[in-house]
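Please find the structures below.
Two complexes follow with chain A in common, the first pairing it with chain B and the second with chain C.
Right after this comes the complex of A and B.
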């Protein structure tokens, strides 16, 4: 914990103090682009740097993932990997049976060194069938989905305006798009963001 | 009592059949409704619409015969057969084409649910009862107008309650009213992380360092007036952390700052404050 605090203090100081005016350095955009290294994208081909599936085994920092096409993938979680599970979280929150999307770089042995992992992420277009206390009942193509509002985490975007925490403008019967985290093997999700018209 | 209820059943069944026929014969979207139904699997793509229309015509004739007294046993027996056939069709459709629409009482796409099956079963029971104990509905209604009216009303309410197509007319307004009275989603406070991330992504510093970023948000924390958002980054082959600082109150994208810090040495590799002027060519428009 002291290590985390020290690191955060260092990062905060770097971001806030000693700011070099952008105009003073000139345009940094080309510099940044060259620093990033070349992109390796093959148009039309499946992205080799993306994996989806469900976790069947966790050994150390290696995840064994079965894709929905039954292909097995191994994913290495590094110190630089971002892990999302309803919110940015840590590796110990990842469990066997979770679904995931991962993006990263293929190592020579075929392992994906993950840059970002999104655990149990779902993206639904649905209608609100009913609302309860911190609960939305969604009608998704005739299937009922129970979406939990997580206080302090769930956010709403109305008409494309900046996100707010107030979900009380959602109306029964309206269409919504919901980004959330699935509870594996249930019809329940936790809401990360709900997009709606108000 | 049971004779009176039985005598009223042709009225109920006839009304439901005519309502159902109206959707199949007069609705502008009948072709679309038919294509979404399980009839496609049953009779084939190109025969779907004629079959759907034919079904509507049968329903209309049968419904009219049932409504016009006297209700002959032949008519109610035919209605029972139609209702049983319909129940069987719904059960088949639910098993073989679960995503198909009912196409029953409305053009609204409605998956076949337990309620649709319940409604079909109710019709079977009503038509069966009328066949077992035939009667004359105008006479029954004039004999006991109050009890008869109540029975009709209860049955109509049951049909409506078992029709998912009609939810938008009564159930959703009721739920909307309850939500308005109890406001169950109240209480969300605080600035969500997404609002900060949106602000970051609109900012000039983000646009400049975006090619360096490798990961989604890895960590975030609040400290005093600021919220910090950290991403993994690569800077000239070195693993680094890009940390954005966003004011918690009253700051547009212009107020966002960023630093790229070397993970190994802790050295600041790059630091930018939101520039008022975006990089690149710019056209200043002066109001006349």
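Right after this comes the complex of A and C.
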């Protein structure tokens, strides 16, 4: 199957050459892309091809990231890197101060050539404490978090049903999983998908 | 253990940014978002009392910190091995929930992976996938 090509190896090779053809890498369906390449990391161990942290500097197409464990990382963004920030987006939407998770392949100099970067992504388990106009107040581990409904983007999945844009069925007290994008300046989030229990 | 089929999601733990900053090291004290680890609903009596997979008709084996499971994303066949580092997911809160990729479906939340582990078999932006979990 053509989609099972080793995307990461191809990306790394291309990144080392300095040029990546977007049309050669950008068309893979998400699950097909992640099917490529067996995981060789020992269970329980850190994955050297994965980075988490906050962006401290942007230099050209290089992100300098400070890990939450204070380790510094360099991440190279190529034409083939998929970037998510509430929705699939472009490199110019990435900002200093953003949090991220990134997956790719390590180059010989230690830089991570990114296959995928998820910017400010959060996946919270919470209870709905209050419902306002186009927002939810969430109780997440004892903290209140404001979650904004983004017209045209936010969707709800009610106990496994197909995602719909109508969030009006969400009720105070219900348990939800909220996939969204964090705002570093306010600590609020925008909702991508809210999964609601029955 | 025969493979069990259900749903897999992801969670953050360890030192982290944003709302994840309060997550901590999980029930085992060792959980890190960048490690190949997972949460399991039956790590102890106290854990079981929170997650109650039996409410959904599931009888999941008792496994403790460090035990290895292998999770397969039924949407693409990708597989990752991880060790238990936390208690979860809260299976009983989503009883009967069903996720499918075409004809490949999973019902009920049986495992949560760290971002490093989940992103090895699927995109973090998807958030929920049908899966099978086994021990070999």
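Just so we're on the same page, the second predicted complex is superposed on the first by the 152 of 198 C-alpha atoms of A that agree within 3 Å, B and C clash if a C-alpha of one lies under 4 Å from a C-alpha of the other, contacts with A are read in each partner's own complex, and residues count from 1 in each chain.
As a working rule, a contact is a pair of C-beta atoms (placed from the backbone, for glycine too) under 8 Å apart; a residue touches a chain by one contact, two chains touch by 3 or more.
None of these values were measured; they are calculated from a predicted model.
Chemist: Contacts for A:123 in the overlay, against chain B (first) and chain C (second): which applies, first, second, both or neither?
Modeler: After superposition on chain A, A:123 lies in contact with chain C alone.
Chemist: Contacts for A:193 in the overlay, against chain B (first) and chain C (second): which applies, first, second, both or neither?
Modeler: both
Chemist: Given the touch rule stated above, what does A:51 touch, chain B (first), chain C (second), both, or neither?
Modeler: After superposition on chain A, A:51 lies in contact with chain C alone.
Chemist: Quick one: is A:43 in contact with chain B, with chain C, with both, or with neither? Answer first, second, both or neither.
Modeler: Second partner only.
Chemist: Classify the contacts of A:69 with the two partner chains as first (chain B alone), second (chain C alone), both, or neither.
Modeler: second
Chemist: Looking at A:132 after the superposition, I want to know if it touches chain B, chain C, both of them or none. Which is it: first, second, both, neither?
Modeler: It touches chain B, and chain C stays clear.
Chemist: Output check: A:84 vs chain B and chain C. Expected answer is one of first, second, both, neither. What do you get?
Modeler: In the superposition, A:84 touches chain B and chain C alike.
Chemist: In the superposed arrangement, does A:101 touch chain B (first), chain C (second), both or neither?
Modeler: A:101 sits against chain C, while chain B stays out of touch.
Chemist: Output check: A:177 vs chain B and chain C. Expected answer is one of first, second, both, neither. What do you get?
Modeler: Second partner only, chain C.
Chemist: Touching chain B and also chain C: which chain A residues?
Modeler: 32-33, 35, 84, 116, 118, 141-142, 157, 192-193
Chemist: In their complex, what parts of chain A are in touch with chain B?
Modeler: Going by the criterion above, the answer is residues 8, 10-12, 14-16, 18-23, 27-29, 32-33, 35-37, 79-84, 87-88, 115-116, 118, 129-136, 141-142, 149, 151-157, 162-168, 170-173, 192-193.
Chemist: Spell out the residues on chain B that touch chain A in their complex, using ranges where they run on.
Modeler: Those residues of chain B that touch chain A are 99, 110-111, 113, 168, 172, 175-176, 179, 183-195, 198-199, 204-205, 207-212, 214-221, 223, 226, 228, 230-232, 234-237, 239, 241, 243-245, 257-259, 261, 263, 266, 268, 270-273, 275, 277, 279-280.
Chemist: Within the complex, which stretch of chain C touches chain A?
Modeler: 9-12, 14-23, 32-37, 66, 68, 70, 73, 75-83, 85, 89-90, 93-99, 101, 107, 115-117, 119-128
Chemist: For chain A, which residues are in contact with chain C within the complex?
Modeler: Per the stated touch rule, the residues are 30-35, 38-39, 41-47, 50-54, 67-69, 84, 99, 101, 103, 116, 118, 120-125, 140-143, 145, 157, 159-160, 175, 177, 179, 182, 184, 187, 189, 192-193, 195, 197-198.
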